[in-house]
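What follows is a pair of complexes built around chain A, which joins chain B in one and chain C in the other.
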Partner chain A sequence: MTATSLTTTQGAGRAGDKVFSGAALAAGCLILAVLFGVALFLVVQAIPALTAPSAEIQGGEGFFAYIWPIVIGTLIAAVIALVIATPIAIGVALFISHFAPRGLASGLGYVVDLLAAIPSVIYGAWGAAFLAKEISPAYNWLAANMGWLPIFQGPASATGKTILTAGIVLSVMVLPIITSLSREIFLQTPKLHEEAALALGATRWEMIKMSVLPFARPGIISAVMLGLGRALGETMAVALVLSSGALTASLIQSGNQTIAAEIALNFPEASGLKVSTLIAAGLVLFIITLAVNMIARWIISRHKEFSGAN
Partner chain B sequence: MTSTLTPVRSKRSALTKGQLPKYAPYVVLAAALIIGAAIMALVGFNAFGWGIVSALLFAIGLVSWSAASEGSRKAKDKLATCLVVGSFLVALLPLVSVIWTVLVNGVPGLLAPGFLSTSMNGVTGVYDNRAVEEGAPVLGGIYHALLGTVQITLLATLISVPVGLLTAIYLVEYGNDGRLARAITFFVDVMTGIPSIVAGLFAAAFFFAVVGPGTKTGAVAAVALSVLMIPVVVRSSEEMLKIVPNELREASYALGVRKWRTIVKVVIPTAISGIASGVTLAIARVIGETAPILVTAGFATSINSNVFSGWMASLPTFIYTQILNPTSPANPDPSNQRAWGAALVLIILVMVLNLAARLIARVFAPKTGR
Partner chain C sequence: MSKRIDVKDLNVYYGDFLAVEDVTINIEAKSVTAFIGPSGCGKSTFLRTLNRMHEVLPGARVEGEVLLDGDNLYGAGVDPVTVRSQIGMVFQRPNPFPTMSIRDNVLAGVKLNNKKISKGEADVLVERSLKGANLWNEVKDRLDKPGSGLSGGQQQRLCIARAIAVEPQVILMDEPCSALDPISTLAIEDLINELKDQYTVVIVTHNMQQAARVSDKTAFFNIAGTGKPGKLIEFGDTHTMFSNPAQKATEDYVSGRFG
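Take a look at the complex of A and B:
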């Protein structure tokens, strides 16, 4: 009697266990399925654009003639963002991890995280309404004094709505990402390395140069790659700030376009082949960011295995 | 006795000989501010330029003084310190500027009568022209967008939290760091980096293929937001489940409790504060997403309370469309005012969610008993 009741309750419990572990497994597999689904549905919907006769694609010269200027534009904006954000982000991370007073450090970290919390559309609105206006005199100066460089060729845009402004707004958006990741890595530097450097009479900067930065180099590289992934895919900052146009070398004239902004600006009114052209553009963006992110994650995981921190 | 004291004193002075006095930075700062003000007075004064010029003068002054009296190594150290502190101050500029811009431009929009309680239904360019030319109050509000944002985000949360939490449970409790668990961890990390517009395109492409071309509803947007939200929920929940001490699980098993009961009754309650704050942060992240909603839910001007049919407005897309396509192209000012008002509401929402996450983590943190 007692034996049977025991086995029945065990049976019930076992069923509960199975259901629960099954649900957990299913949820995990669903995530993999979603990621493959993203690729699959993008490919399926993009096929009409890839196979359509080239005259029917926007621009009339086929999909690749349509996509490559905006791929280059995306890269230009992302590179501007990284060139500006990386040194500042590393400086901020160093400030929080090694320079700020201990009591303030976590609070200051929170302040930088606030930058990441602000929605991208607000950055876009700020860039278009405030930054573009304030920065256009600087563009005029650049055009007048540095105009011999192709990237600063005049005449500068009167509204300031250029790819350089978009890049600056993007740099503000990737800054907190690079900062928080680098900060984590800087804090992981073995204390013994730092103290050994200081004990040998190194100044604080020499200590950072000799022990912190070499230790953190792979981490910084992957943080920058993750920032690059964000900058490549960011939509609103570019869509609102940039007055887009054909591909131009000059950063201070209006022109250029990025994939994400191109999709956002055209998708709501698109229909038919235009939809699949834009989805194909999204597929290209997806592949680029996927590659960048996977390389970054690979560097991080390799770093984890070989670092002396563990 | 004096003979033993004097060498100590002279040694200390030898050690401090090559150092700048303690007050050096303050002296240089004061000098930099004064000279900076003088230079700006010649060019035309503005506070921003004054700050930049003074900061540069401060760095140059301190470093060259240090180079003259302390030597090149100490000077390099000073230079690095100036650059690091300077980069932090530079990083604060956009934060302050963004918040200031939104506050200054947003308050009039927010204070306009009916801003939170009316939609844009029937508000046409005619009214906006009248508002500019005759000084009539700016009509129209964000009620429809607020409603849409709340509904879409709520639905996305309802999808993401069970999936994300169960995945985290699989990774921590069942995965045993096997091949599948490692694959999920890797792809969750990769998924964190999916551009938001691609997530939107995926949801759009999925529903175009399954339901029919041109399907744009709030539910599609919720699916798109879930794609962005799930990896965030997984990562934060996983971290929280990992730090639940193993002794708790083992004590529960020792009492003969089933694994799933242990997870539901012991592990999750212990980690609930961290999980809840992680979910709140995830909501704060997706509530401001514009691009995925733009391509999946379109933009409506009237109230739509059904997420499963018809276009739907949301706060971010409202801001976007009001700025990019003003209601009255001739007089964009009323539209801008509404957009900035909506931006202020959105930023308040996000900040409140962020604060709430911190409070939840602190207030509901498990009591350690020690």
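Take a look at the complex of A and C:
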């Protein structure tokens, strides 16, 4: 063995390494380029709307007067969806991962995944044609009995096509995302930690509180944020279900609008400054989604020391 | 607060598979009993039947009796949760709860069994348990730091502190030193010697020197071949088991002429 045998390389292996690292680098750069391109497009196209005189923007009071009600509407719909979907999703995921007998668990997991495969236009049609009609008696009851709360102020919409209905439809759509991600995380809980809790005399629920949920916490937050991303950006279902209008506090009257539905409903017939306004609305949605993801990362990183990763 | 365990004619099954056959053994209170034997001979499985932890695996069941001071652990209406709160367990790999601080780890079991505990009582209990596990001096200044930041040996002693904080009758240890370095192992062995003043200790080990060092009595388990059930071959005073065992198989195993 001489020194030269260490410096001689085997050509084929090195070439493979170079091709692979080049391909990986190119893929990484492509993602950044696409993201940058989209952001650039949004900003450039939005500038006319942001700089135009107030009177020329739809509504006649400038871009911010136009955008803020639909930003609020978007957030209301997304929050309703998450408030309904998160507890149900975590419950279903825990049932599948820790309570159900094995045969039932895999069947149920499959059904939940199937929910995610249904196109959003079908959810929209179901919400508009079926759910809205069936749920309007409940809205009447809410208006009569809980009407003192601003969010349930009457008179309830006769068609049931309200932001609450849209939120419920959205919750059904984000449910499978949160459920299947949470289930995967729950299943990854180390057996050692589960046994540690059980050996101390924990019941099954106490074991879940002591070992499964703390372990899964960052994963649950990520899953909820992915669900939130879908709820914020969902277009078709909201466009079909919601009978849109001005911003209203009551969730059971028609009114409110979301950014995505606003763009979808108005874009086909828009021209000139109107297109620019809608693209600026898209830019706002882009920023909201970005902010949501950054907040989620911050929440997760705050507890890094206790995550068990060390 | 320690009780004896008497096992009568115990068979352990996983589904239809008989894993451990016909074990009868009497484990004295306030003593250390070691289980030795080759891998797969069922000693860990048998240990886990002593606090019903084997039931975590689906299909696991037993026939026979395990008596804790005369009370059958497998009697009708006995809740495995209650059994486990009286018979603590330390595992092969240290498993402190990673999301909890050192202090919360020690209190984890206590909060389950006795939900309300004042801060003063908790402080006393944390100190007493950590001192009992010979860990107090090393961690007293960082009780609020995560338990997963400790070394492997410290983590294992934290797990022992967690187990003794609930004041169990018996402590089961499933190869507690197999993931530790020799110095940490020595610390745990010293601790086992102290624990037997108050607790009944049962330890599974692959290390025969360890069994000889820490235990009063030793049980040798063996298996006739793959797919056959594990059996208790011989049980006696540790000194006798290592110097003058009654069975040839035991002598072969402890002298290293196994196989």
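Just so we're on the same page, the second predicted complex is superposed on the first by the 263 of 310 C-alpha atoms of A that agree within 3 Å, B and C clash if a C-alpha of one lies under 4 Å from a C-alpha of the other, contacts with A are read in each partner's own complex, and residues count from 1 in each chain.
Methods note: a residue touches a chain if its C-beta (ideal position, glycine included) is under 8 Å from a C-beta of that chain, and two chains touch if they have at least 3 such contacts.
Everything quoted here is computed from the prediction, not taken from an experiment.
**Q** Let me test your reading of the model: by the given contact rule, A:214 touches which partner, first (chain B), second (chain C), both or neither?
**A** A:214 contacts chain C only, not chain B.
**Q** With the two structures laid over each other on chain A, which partner does A:164 touch: chain B (first), chain C (second), both, or neither?
**A** Neither: A:164 stays clear of chain B and chain C.
**Q** Touching A:178 in the superposition: chain B (first), chain C (second), both, neither?
**A** Neither: A:178 stays clear of chain B and chain C.
**Q** A:200 in the overlay: touching chain B, chain C, both, or neither? Say first, second, both or neither.
**A** In the superposed model, A:200 contacts chain C only, not chain B.
**Q** So, does A:260 touch the first partner chain B, the second partner chain C, both, or neither?
**A** first
**Q** Pick one for A:238: touches chain B only (first), chain C only (second), both, or neither.
**A** neither
**Q** One more residue to check, A:142. First (chain B), second (chain C), both or neither?
**A** neither
**Q** What residues on chain A does chain C touch that chain B touches too?
**A** Dual-contact residues (chain A): 203, 206.
**Q** Okay, in this complex, where on chain B does chain A touch?
**A** 73-74, 76-77, 79-81, 83-88, 90-92, 94-95, 97-98, 101-102, 105, 162-167, 169-171, 173-175, 180-181, 183-184, 186-199, 201-202, 204-206, 208-209, 213-214, 227, 230-231, 234, 258-261, 263-264, 284-285, 287-291, 294-295, 298-299, 316, 319-320, 323-324, 336, 339-340, 343, 346-347, 350-351, 354
**Q** Once bound in the complex, which stretches of chain A touch chain B?
**A** 13-14, 16-17, 19-21, 23-32, 34-35, 37-38, 41-42, 44-45, 87-92, 94-96, 99-100, 108, 111-112, 114-115, 117-126, 128-131, 172, 175, 179, 203-206, 208, 226, 229-230, 232-236, 239-240, 260, 263-264, 267-268, 271, 275, 278-279, 282, 285-286, 289-290, 292-294, 296-297, 301
**Q** Touching chain C in the complex: which residues of chain A?
**A** 102, 190, 192-203, 206, 210-211, 214-215, 217, 303, 305-308, 310
**Q** Going by the contact rule set out above, which residues of chain C touch chain A in the complex?
**A** The contact residues of chain C facing chain A are 51, 53, 56, 58, 81-82, 84-86, 88-89, 91, 93, 95-101, 108-109, 112-113, 146, 148-149, 159, 162-163, 166.
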